[in-house]
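So, here come the structures, one by one.
Consider the two complexes below, in which chain A is the common component and chain B and chain C are the respective partners.
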Partner chain A sequence: MLTRRTLLQGTAAASLVPAGRALAADMPGVTASEIRIGNTNPHSGPASAWGVIATAEAAYFQMINDQGGINGRKIAFQSLDDGYSPPRTVAQTRKLVEEDEVSFMFNGLGTACQTAVRQYLNAKKVPQLFVATGADKFGDPQHFPWTMGWNPSYRTEAAIYGKYLVQEKPNAKVGVLYQNDDFGKDYLLGLKDGMGEHYASMVVKEVSYESTDPTIDSQAISLQSAGVDAVVTAALPKIAAQMIRKIADLNWHPLHIMSNVSVSVAAVLIPAGPEKAIGMLTAAYQKDNSDPRWVNDPGMEEWRGFMKKYLPSADLADANFGYGFATAGTMAHVLRQCGDDLSRANVMKQAASISGLQAPTFLPGVLIATSPSNFHPIRAMQMQKWDGAAWQLFGPVITA
Partner chain B sequence: MSALLHQTLSGLATGGIYASVALALVMVYRATRHLNFAQGEMATFSTYIALTLIQAGVPYWAAFALTVVLSFALGVALERLLLRRMAQAPGLSAVGVSIGLLLIFNALSGWLFGYTVKQFPSPFEGRSGGVLGGLVSGHELGMTAVTVVLLLLVYGFFRFTRLGLAMRAAAGNAESSRLVGIDVGWTLAIGWGMAASLGAVAGMMVAPLVFLDPNMMSGVLLYAFAGALLGGIDNPFGAAVGGFAVGVIENLGGAYIVGTELKLTLALVIIAAVLVLRPAGLFGRAVVVRV
Partner chain C sequence: MSRLAAVGVAVLLIAPAFVLSGYHLFQTTMLAVYALAILGLDLVTGTTGQVSLGHGAFYAIGAYVTAILMASFNWPYWATLPVAGAVCAALGFAIGLPALRLRGPYLALVTLALAAAVPQILRAKALETWTGGAQGIVLSGPEVPALLPLSADQFLYLFVLAIAALLFLAAHLLLRGRIRRAMAAIRDHPLAAEAAGIDVAAIKTRAFAISALFTGIAGSLGALVVQFVAPDSFEVMLSIALFVGLVVGGTGSLPGAVAGAGFVLFVPNLSELVSKSAPGVVYGVLLVAALFVMPSGAAGALRRLVASRRRARPDTA
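Our next item is the complex of A and B:
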């Protein structure tokens, strides 16, 4: 039985040597035989469904180690639980950096959690790589040169919707429902990026909701009575499901574009009623394991083989395993690129010079690419449409 | 014009949600003179019990009745085992316990039933598109009717039954009540049980509208408090009117006056203004204590 604990212990076994045995003064967390990587994740608490991301990453690094490691070094990956609570993220991150002396932090999860440690890690010049959030602010090399995002940012995603609307529905009267916080506001900014001068004429109504609001019925009615015929919804799953149902209840048939965080079949479409969402659009960047078109896809075969060997009891329908596989793959790519110079400065430099990496689980044409001025690794997505039973990809890959 | 009517009706439907939870708050307050901050989370937990029963194949109304009974037992048990020990403690201790229960029930719902948003069936769901020309859905209409029935039941209970009278007496003056033969301990427990049952009904009515997840009631509770305070926390009629009023004010204010960002603020400013003028709420009676 391979559990998260045994995995983490397994990968951490090599790190039993006392801390502080750095190869050189400028390469903390690195010895001749290993490199230590830290991570914080919600292994408990309200967001614990995402904890499996770290499980998948630990398994991926185990696979790398089984294959002999990278440049002769094993990866000692240590994931600590922060319960999705920023104060605990701070404590756990300090512990990893100061006591366990990790070389850098990788794929810490949560916008608020990672914001809480961003200043600290930048002040200590510890790379905060590939954070697991879509907040746009994690790709700001000018002010935070040691922090880099990974997910396509909400702003990038919204820019893609903006471009799509201008191109395909130039006469649309667009309405936006957004959560009144950084997450929702990133979508407004992104739509402005993507629509440019058309924003002012096309967007006729923006309505917000608070995360404490029990319903958005009133907002939906406002959008409908403003004559909106294309809705962009930037909401978390529960409100997204309400919006889908309310639009159907109102007997209203606008083009509906849904934020990519709320397109889960199990968590949004089934509760809302799959037939009520027919025709809804969103953008994707990863292959969906339940999509029959990837049955014989070599990339997905590679992922399924990995899952079978390292996480045999895991639920393949859980997209978080695919996500962790891809983030860990990106990290391994950067470490290979580093060669023997595993100083923090070089890790950061190599992370900022990824040129067109195609992850096995990504849609063809969606490439991971960074540069010293671009700390948003994924900037392209493809539109897809809900047909009542599955998401159907269509059109070209759109770059924001 | 039709948009205005639509916003008003939608506000009434949302207000029905607040009103039904506000009634449970009034129930506990009248029985114990305390606010139960865990009322919303207990209702969510009850709703999960109902969903589990329905998924196990129990017919809707049987599951509904069973959930009401189980919730009553849960409420009574909490009072007898936990709140009872706080009887001699300062008022703040009971507040602390109820906030503790809020956290416990929230975590318990998540731990036992998961955090994924779930659909909850409605007994009133007709065709999609709704009634009254699509202005309200069948469920919204049914839920509002249930709220009104609950209101009449609670009102009638306190006004016309001996137990209701005993409960008012026990909450008002425990010492004198004991002297006239009222079992104060049990009236408190029954008050908690009835509030838990009311909460369960509210949860089962709200869940089809807002979807069920462990945090379903956390936002609703804020609005229910506001509604109850606006109408008068010791008056079931006032609390229900307050709940409906908050729903309508919020919708109309958000759509026509201040915009969506400030709609809750507007509702709360109005409530604060009312409470400054009438501290006991619109329909509440000021409690006079002789010293």
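Our next item is the complex of A and C:
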């Protein structure tokens, strides 16, 4: 069959130009046998603990290639080090796009780093897919149609808490403690999204703290004296631990919802006192490898099999490997959906039409879904409760 | 002959704008920016002997002055450069004051503290209206004047090159005069310098001010090239990288600053090519190797090479 591509390839062969170059006008970064994908990650420097995400993604694409690739094309995944420094992200991204001619950028890491290249990639119409940050601004199709996030944003998470409160505790007097910055303000916005018109009547008190404040004792007391019986805490680990302890010290027993960034057993619950946090709630979207309920889970078995074969020396307790497995899986899904049209426009179009993808490592019912107006792929989470020793999932999956 | 050489150098410097494209031109522009920053550090550390591990702070402040004036006050890009230079010069003068009492490692620590403090200050809540907090500020790049048939990358390179050339010339003139001997005397023997009637306090504080001005303008140009500033861009490692560039390039030399900038810019990427899992180790090995092969930096190696050639062919000297 004579298609436009075979014609182009014919011309390329005739003029002795590598096929990749000739195709570049049509589908940059794509040849008959390969698709090139670019990524920046902190392989060195203070944030290098996250570098293993790219390691996991490279291993995942290796697995895909071992299985024959996607539509006959192998994935050439190239991850460059930016040291978590935005000027280097700009240089490395330009290198990948202009010199290595990647088709698109995938899962670049860091809010500041990815902000630094967002304008450039959008101007060049190069997809900036599934960036690795929780900032809500990476899902803004109106202003940045070539940029899409992946992580559930703080705003999405807070919207889920808002919905939970309206459904389960409609008579609660809600109080919010939030950090006075973008992170905390995203939470307030999310609560308003989730509670809708109930926000004005249910939320009786909002108090903030500065990230430099030594304690939040007075904020806790002011929430208690306002008659609050359901607290949402949007705080980083140190303040989160203080808040748990202060609530216990005040002999106050509100329903307590804690931001998902501050639910680490080691960093928050042990310092606060695990018994003081009993009954505390938060939301989750991924299966926890240490949770005994997933010992025989087929999805987690698939992940463990992958880890054993491709990353045998890796630490299974490092959640970043599960993260990279799921992001790369999402990417492979989009490429399969693209079929033979791997133009940048179609990659972006397919990324914006994922209909309910269940990742093996995600909680049952937490689906990855996008649309031309929804550039936040993960908008569902499930509530879980601290029982003094472990987090226990309960209730339905809630979609923001 | 020297006029011909000058024309040759000018052609060599301008050529990249028309030979290189995209990414390579961007990297060459950053090379000029870092060379200017290292030149600034050289004035105070190389020439005057006052070790600074905090020049990343001046670079950051220069970048933020430009970013804030452009984003919050709608200034044209070119008008922000003198302000960035002036702000950094004033700050450099102030940092020069403790340098009057502190020596060697103590001064180095004070400047290191400055480098550690600046990113935190840039994140501070009180300044967020202007600095954008941890999110930083996105800038739109300089517009190419309508009359010039240049791409944005080409124009940016030539603009940075012009400013850098101007400042390199200024440094060259400065380092030719009496003040250089005074600075060197302070570096080599401060007591003797004072005994010889040199106003040590005045020279030290002025050296710091001029040095900060150079590095600050480099930061300002860097912001225009990268078109984004955030605290993460100016962590302590930037100051260390500038210091490494100065030592590897060789102190007291203008071409040395360019060589040092090359090390800062390209060696991390080179290390990554060698080993993705431990680029830091490769970087360290390359750094030690560079210092072993060129103990007085690239500039020193070049000087020795030229000297030995002259000895070999005395008639051409």
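As a convention for this text, the second predicted complex is superposed on the first by the 371 of 400 C-alpha atoms of A that agree within 3 Å, B and C clash if a C-alpha of one lies under 4 Å from a C-alpha of the other, contacts with A are read in each partner's own complex, and residues count from 1 in each chain.
We take it that contacts are C-beta pairs under 8 Å (C-beta built on N, C-alpha and C of every residue); 3 or more make two chains touch, one makes a residue touch a chain.
The shown structure was predicted, so the numbers you read here are calculated from the model rather than taken from an experiment.
Asker: With everything superposed onto chain A, say whether chain B and chain C fit together or clash.
Answerer: Partners clash after overlay.
Asker: A:G134 contacts which: chain B (first), chain C (second), both, neither?
Answerer: Neither partner.
Asker: After lining up the shared chain so the two structures overlap, which partner does A:V90 touch, if you call chain B first and chain C second: first, second, both or neither?
Answerer: second
Asker: Given the touch rule stated above, what does A:A241 touch, chain B (first), chain C (second), both, or neither?
Answerer: It touches chain B, and chain C stays clear.
Asker: Touching A:S218 in the superposition: chain B (first), chain C (second), both, neither?
Answerer: first
Asker: For A:D249, is the partner it touches chain B (first), chain C (second), both, or none of the two (neither)?
Answerer: first
Asker: Which partner does A:N180 reach: the first (chain B), the second (chain C), both, or neither?
Answerer: both
Asker: Pick one for A:E99: touches chain B only (first), chain C only (second), both, or neither.
Answerer: A:E99 sits against chain C, while chain B stays out of touch.
Asker: Would you check which partner chain A:G108 touches, where first means chain B only, second means chain C only, and both and neither mean what they say?
Answerer: A:G108 sits against neither chain B nor chain C.
Asker: A:E210 contacts which: chain B (first), chain C (second), both, neither?
Answerer: It touches chain B and chain C both.
Asker: I need the one stretch of chain C that runs into chain B once the two models are overlaid. Options are 3-11, 21-29, 39-47 or 93-101.
Answerer: The overlap with chain B comes from chain C residues 93-101.
Asker: From the superposed pair, tell me which chain A residues show up as contacts to chain B and also as contacts to chain C.
Answerer: 46, 180, 210-212
Asker: Quick one: in the complex, what on chain B touches chain A?
Answerer: On the chain B side, the touching residues are 2-3, 6-7, 10-11, 13-14, 17, 110, 115-119, 128-130, 134, 137, 206, 209-211, 213-215, 218-220, 222-223, 250-251, 254-255, 260-261, 263-264.
Asker: For a test of understanding, state which residues of chain A touch chain B in their complex under the given definition.
Answerer: It is residues 46-49, 180, 207-215, 217-219, 221-222, 225, 237-238, 241-242, 248-251, 266-268, 270-273, 276 of chain A that touch chain B.
Asker: Could you list, by residue number, the parts of chain C that touch chain A in their complex?
Answerer: 21-24, 26-27, 30, 125, 128, 133-136, 138, 140, 222, 226-228, 230-233, 235, 237-238, 268-269, 272, 276-277, 279-280, 283
Asker: Which bits of chain A are touching chain C when the two form their complex?
Answerer: The contact residues of chain A facing chain C are 43-46, 79-81, 83-88, 90-92, 94-95, 97-99, 110-113, 115-116, 118-120, 135, 180-182, 210-212.
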